[in-house]
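Below, subunit A partners subunit B and then partners subunit C, in two separate complexes.
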Partner chain A sequence: MFAFLSSQPVQTALIVGSCAALVSALIGVFTVLRGNAFAGHALADVSSAGGAASFLWGISPLLGFLGMAWIAAFGMEFLGVRKARERDLATGIVLGAGLGLSALFLYLDVTTTSTTGAAVSVMFGSLFAISQGLIWPAILAVLAVFLLVGLFYRPLILTAVDPDLATLRGVSPRWMGLLQLLVLGLAVAVCALAIGAVLATALLIGPAGAAIRLSRRPAQAIFWAMMIALTAVWSGIWMAYESYYWFSGNAWPVSFFVVVLIFLFYLLAMFGSSWQHKYRRRGITSLRRLQEP
Partner chain B sequence: MTNQSPILAVADLSVDLGGRSILRDVSFDLYPGQLCALIGENGAGKTTLLRTLLGLITQRAGTVLIGAAPAREHRELVGYVPQKINFDPDLPLRTRDLVRLGLDGQRLGLPFFNGRTRHVVDQALQAVGAEDFADQRVGELSGGQQQRAVIAHALVRKPRLLILDEPLANLDFGSANALVDLLGRLIVQQQMTVLVTAHDMNPLIPVMDRLVYLVDGRAATGTVAEVVQAEVLSKLYGYPVSVLHHGGRILVLPDAPENADVANMNRCAGHGV
Partner chain C sequence: MYRAESNELSPSKLFRRHTGAGRRFLPMLPLLLGLGAAQMAAADTIHAVGVENEYANVISQIGGKYVEVSAIESNPNTDPHTFEASPAVAREIAAAQLVVRNGVGYDSWAKKILAADPNSKREVIVVQDLLHLPDSTKNPHLWYKPETMPAVVKAVAASLSKLDPAHAAFFKANVQKFDASLKPWYAAIASFKAKYPHTPVAVTEPVADYMLQAAGCDLKTPWNLQAAIMNGTDPAPQDVSIQNQLFKNHQVKVFLYNQQVTDSLTASFLNNAKAAHIPVVGVYETMPTGYTYQSWMLAEVNALRASVENGTSTTVLK
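Moving on, here comes the complex of A and B:
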């Protein structure tokens, strides 16, 4: 355990991984609440083009992921989008274009630079290989997201519940939509850095989806999503580190373990909530009354 | 009553949507303490009219004054209960949270616990009889309970005018009666003014002071006795209709085929009806 914690790459992985877990849990809850899961997934995938470009031009991968996620977000907003169907369409079109760019940049990475493994680390992440210089930018991105969401917490929830009710309270659904895309882009960038652009969706949607089934309040959902995401990321990092010994010198990637753990948590939450429903339908409300005097 | 100024004054309101004229020259006034029913078939323009009053749709012509000021400036005087909000069963939001959003959902910062806020929310929950499911998720409630939750959301700021869109549409007979009672109580106990739409006027007749009868975007206004007459409604529909009274209920029917608009009948036949 000491060897584990004192290793430099492990420390960096734990910090960046925790950043990704916290930010994705927070934004994930809002994304799932608004039924925006597909847009979140698309942004994450498209951000891979930015990650690939960052290898090519030698800029920070965090900036690469972020830049591309924002371009895609505003592309979707611009092409978009009143009805849900149109929104899916615009999202799909931006997704296709973004992945095309990603293919080009990854090809150029391989042919024009000496980078090996760019494709794997952009798409699927390599948490143990993250440079220490990215720790502070990642923390700053997370702080920015927490600040913005904390500030606009109630308007964001009200808009997610019903845009008309929000308008009547003087909240502009359009501005809230833009804000949501902005923070979604930041969250996606940190997640893509940690576990890869393709797998970022898992961290964004999985813990939030599981937590929402178990919670009765938005704050409660955010709390449980954070707990699930942190547990998955920390255990994933530990398992990947240990797997070096399990598979005689062939360590498996962190991302794999993280994603599998999230999937397990989601299954558990599903069974948990359907059990909860059954319990309620049997009409044992009097029991609950006793518990909550 | 006439020496008071109207809380809602609608004058010559015309609204277009998607290049089509949806409302034409609608005018009516609503005075404090009244319950006004906005009656019309599906597609008559009821929802469009409400959304225009709330400033969610901009009119082509005409004016809407709420409390003697342009509608957008006086939104805090109005509570709105939309026809149907689709709450996801998994939405992690209790009835109590939804109601609180009606009070301070526009505020910045986190919603910390606050005794006064809690008291005000409890009052709104009580006013609609929602105490029993205050701590349940909104998405798990029955249609009637969800409606009460949204009404509490609209009531919690103590608006002077409460606007409800087809609140009776998805309710069984008992719940519908309970809701009509509730509206009557709000008017008496909280000095509220209520504007409510419905496609069937009958459940509301015992409590309504006035009605606006909407046919294809045009309106006739007055008391039930003034508006629900064969002569007035025939003019509004553009073809002869009869008004039948039966056991305290009112039925508006197009006249028998030989008197009805022949072209209209042919059109129906042409569609293989």
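Moving on, here comes the complex of A and C:
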């Protein structure tokens, strides 16, 4: 255990991983409540183009992911539509274009620069290979998200569960939508940095999806999502570290363990909540009623 | 094993070739067909491709003015492992009369291009086969092995003599000249080994490992870390810690850093080595500009020696 905690790559992985877990749990709950899981996934995928471009231009990968996530977010909002079906279409279109861009940037990475691992680390993450210089930017991104959500907690929740009611109460849906995308972009960037753009979805909606099954109140759901995400990330890092000894030096990737654990937690939460329904017969909770129109 | 079939210049080859000479001759083709094929063969140069530029350099040293050589992998700022062939490269390789490639999965794209365009008259030399190495060979950077190039030039001379029998003596003389020119490099390796036996060294990836082993160095970096950096996969934190300890505790005399495979991890190793005042020697996957194969290899050994002897860093070969 001492060797585990005193290892510098493990320390960096634990800090950046915890940042990703906390921010994704918080934003994930809003995203799932708003029915935006697909948009969240698309943002994460599209941010890979920014990650790939960061290798090309020699800028911080966090900035790359963030820039592209915001561009995509505003693109979706611009094409955005009220009806769920049309929203999915706009999201899908932006997703396709974004992934095409990242195919181009990854090609340029390997053909014009000396970055061999770009494709793997952008798409699937290399938590143990993150440079220490990214610790503070990641922490700052998380603080910014917590500050923004803390300031606008009630209007954000209201807009997420019932936009019409929020408008009646005088909340500007446009500004709240914009704020939601702003923080979603930040969360996606930190997640993509930690476990890769393609796998960021798992962290963004997995713990939140499980937590919403466990708790009826948004605040409680956020708390549970954070616990699940932190447990998955910390155990994932520990298992990847230990796998070095299981496979005689050929350690398995961290991202794999984190994602598998999140999936297991989701299954547990699903069975847990159906068991709860069966035996406690408490009826539909307030939160779930709001969630399903 | 390398394929060695006879190759005579045929009219169909004139159409395939896209080199300057080929293009110029094309409009005159009916005229040329009237002439004897033997006369043509004597007047024309052989078109050869060295998939990696160090092999191209060696081909041109053997073939001299009778060969026109192009290299595919020569950009010093990219990693040849991740090379993607363009249609132009495919045409160039398919049109060549002699192709030398490394093998061991380093240029499997070239293998596919050659297989897609079979030509019994094309001479193909696979360095892996020349050295009788299995596909499971872990380190593909064969040109850093001292015994590699003498075998390559011998095979190149044999193939060139088949393509242009009139100049076989010329090629043979060049082989002897080449072998003699490797002597300073061998002497530098032997003298380093004698004076600094078992020098502990750290590396980023296995690019120069064969040469370091020949020089009697003790490679301290775990193989799995070298492989992870070479292949762009996740490194194990344990291996990263071992490497950082090597620098921190001054357990290595020199750090060999591959200029063509870099990421945040190799950059952090570079910083740690500099912080611990461990000299750094830059090594390359492909031959840097301004060098021949022999002068490049000699420069690497001299840089290694300078680092151990005087603590001098040579990050970039100039």
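Quick notes on this structure:
Rule of thumb we're sticking to: the second predicted complex is superposed on the first by the 280 of 293 C-alpha atoms of A that agree within 3 Å, B and C clash if a C-alpha of one lies under 4 Å from a C-alpha of the other, contacts with A are read in each partner's own complex, and residues count from 1 in each chain.
Just so it is clear, a residue touches a chain if its C-beta (ideal position, glycine included) is under 8 Å from a C-beta of that chain, and two chains touch if they have at least 3 such contacts.
These numbers come from a predicted model, not from an experiment.
Annotation for the three-chain superposition on subunit A: subunit B and subunit C fit side by side. With the two structures brought together on chain A, the opening angle seen from the C-alpha centre of subunit A toward subunit B and subunit C is 150°, to the nearest 10. Of the two partner chains placed around the shared chain by superposition, subunit B is the only one that A:Y153 touches, whereas subunit C remains out of contact. In the superposed pair of complexes, A:F128 makes contact with subunit C only, with no contact to subunit B. Looking at the shared chain after the overlay, A:Y241 reaches subunit C, while subunit B stays out of its contact range. By the touch criterion defined above, A:R174 lies against neither subunit B nor subunit C after alignment on the C-alpha atoms of chain A. Looking at the shared chain after the overlay, A:R217 reaches subunit B, while subunit C stays out of its contact range.
Of all C-alpha pairs spanning subunit B and subunit C in the superposed arrangement, the closest lie 38 Å apart. Across the complex, subunit C is touched by residues 3, 7-10, 13, 107, 110-121, 126-132, 240-241, 244, 249-254 of subunit A. Within the complex formed with subunit B, the subunit A residues making contact are 29, 33, 35, 150-155, 157-158, 161-162, 164-171, 211-213, 215-218, 220-221, 273, 280, 292. Contact residues of subunit C toward subunit A in the complex are 75, 77-79, 81-84, 222, 224, 229-241, 244, 259-265, 267-268.
Partner subunit A is touched in their complex by these residues of subunit B: 51, 54, 56, 75, 78, 80, 82, 85, 87-88, 90-94, 97-98, 101-102, 104-111, 135-137, 140, 153.
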